[in-house]
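I have a structure I would like to understand better, so I am pasting it below and will then ask my questions one at a time.
Letters A, B, C, D and E mark the chains in the order given here, with residues in each chain numbered from 1 onward.
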Amino acid sequence: MEIMQVKDELTVTRRVDGLKTASLRVLVDGKGGLVVAVDTVGAHPGNWVFTVSGSAARHALDDKAITTDLTIGGIIDHWDDDGDREVRPEEGAGHDQTKAQRSANNRKAA
Amino acid sequence: MEIMQVKDELTVTRRVDGLKTASLRVLVDGKGGLVVAVDTVGAHPGNWVFTVSGSAARHALDDKAITTDLTIGGIIDHWDDDGDREVRPEEGAGHDQTKAQRSANNRKAA
Amino acid sequence: MEIMQVKDELTVTRRVDGLKTASLRVLVDGKGGLVVAVDTVGAHPGNWVFTVSGSAARHALDDKAITTDLTIGGIIDHWDDDGDREVRPEEGAGHDQTKAQRSANNRKAA
Amino acid sequence: MEIMQVKDELTVTRRVDGLKTASLRVLVDGKGGLVVAVDTVGAHPGNWVFTVSGSAARHALDDKAITTDLTIGGIIDHWDDDGDREVRPEEGAGHDQTKAQRSANNRKAA
Amino acid sequence: MEIMQVKDELTVTRRVDGLKTASLRVLVDGKGGLVVAVDTVGAHPGNWVFTVSGSAARHALDDKAITTDLTIGGIIDHWDDDGDREVRPEEGAGHDQTKAQRSANNRKAA
């Protein structure tokens, strides 16, 4: 599972039948990219969540017939951008990372 | 699911039987790479769409026997290149990203 | 599905039983990396093909018991290195890409 | 499977039903990124583990109905950051890698 | 499937039951990273192999109940680091690649 932050809702009127009326969210992933996930836990913009991908994304839903490859698995209780959680990205990414990498890691770890 | 833009149709005469006569599109993914997806919603070049990958790509089709690992899941209602949608890539990618990264993110977020 | 170019055949005498006598090809992917795929359409070195990955790679075969995670799905009719197809990689990759990135994209899009 | 190091536990009160009460861990992957995995072997922060992804992540659990795409498969007996294990990342990454890459590889291989 | 080189055996005493007593190898992937795979063909350190990932990794085993997402599919007959095989990485990676990229590609292609 990956850690992402909710950015926005997504409006998609013309969609494949398999998606039914599933609620969609735009998320920011660990590298700053944007992805789309089905939400069943009621996540709001700004929430830090973790996502379940692949076939598990369907297993995560009550209605397993919904077509998805990414579903929000839960809202993380404590996770913020200022690192009050004890995660030290410096350890994770080595000591010679560039400034840009460090910044990206800080974001992810925050 | 990922956000991509339709580029073109793809002509493939010699194909595996499992693909049948599925309509194929060339898409530009979030990093500027080109991928191929099955289209059942009638997406046109220029449309912003989101794609469903893996085994879910087959679930997204009415004929689930079609061989695909990427299917267009829907056409996004509002999504354009000039950022009238409130997506701020700067937040997503950290504050020290290079110019090239920012450009790529702008594209993706636009 | 991804767009790749056939590089060579691959000789693998000692293989898992599940592969049976499937014909293998070395392909160059969109980033210049080398991967191995099962071929059933008779692709030759130099051909541009698109590949089906994951569980769909098995669905693409007549003998679905063959163990593969990548299968050539078809040979692309028109696709060459000089860009006579209307694909403009500049649009795809943003306007500030480095020369190296542009080169890679040209290759992919060509 | 991939080699990762356990960083922390993860508290997620509001979660999809499919996750039940599975114990979650934050791991650092080979590139310094943070991911979330289900733990059934009792891994502690600092442990080097290998992870099983995709549908195999569910097969790895006694209760196969649990929704996960990443599960800790085992704790590696000998694996430390100082390279007393005979792994030479220089070989793996080529001879012209940048300092940042070498650092990242050292971390991974250590 | 991907092309990798066997690095070492891996000792994992505390493992999930689903792995049973499967023999594990540490491999170096195309980017110099280290991954873990189940081996049933008897690969030795230094061997070039190709790997099967995802659900196909289980299909590749005689005992399909073994929990794995990566299995060695076969040992490549001819593949060495000095490029006696006709693989020209320059074509694959474009003409403006950096020295580091070229080095990585040479490794992969060799």
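Of note:
Just so it is clear, a contact is a pair of C-beta atoms (placed from the backbone, for glycine too) under 8 Å apart; a residue touches a chain by one contact, two chains touch by 3 or more.
It should be emphasised that the depicted structure is a prediction, and the values quoted were computed from it without experimental measurement.
Where chain B touches chain C, under half of the residue numbers in use are shared by the two copies, so each contributes mostly different positions.
Averaged C-alpha coordinates give centres for chain A and chain D that are 18 Å from one another.
Residue positions 31, 54-55, 57 of chain B each touch two or more of the other chains. Ring order of the chains (start chain A, then chain B) is A, B, C, E, D.
Here chain E touches chain D in the complex through residues 5, 7-8, 10-19, 24, 26, 28, 31-37, 53-55, 57-58, 65, 67-70, 99-100, 102-104, 106-107, going by the rule given at the top. Looking at the complex, you find that chain A touches chain D at residues 1-3, 30, 40-42, 50, 52-57, 59-62, 71-78, 85-87, 89, 91-98, 101, 105, 108-109.
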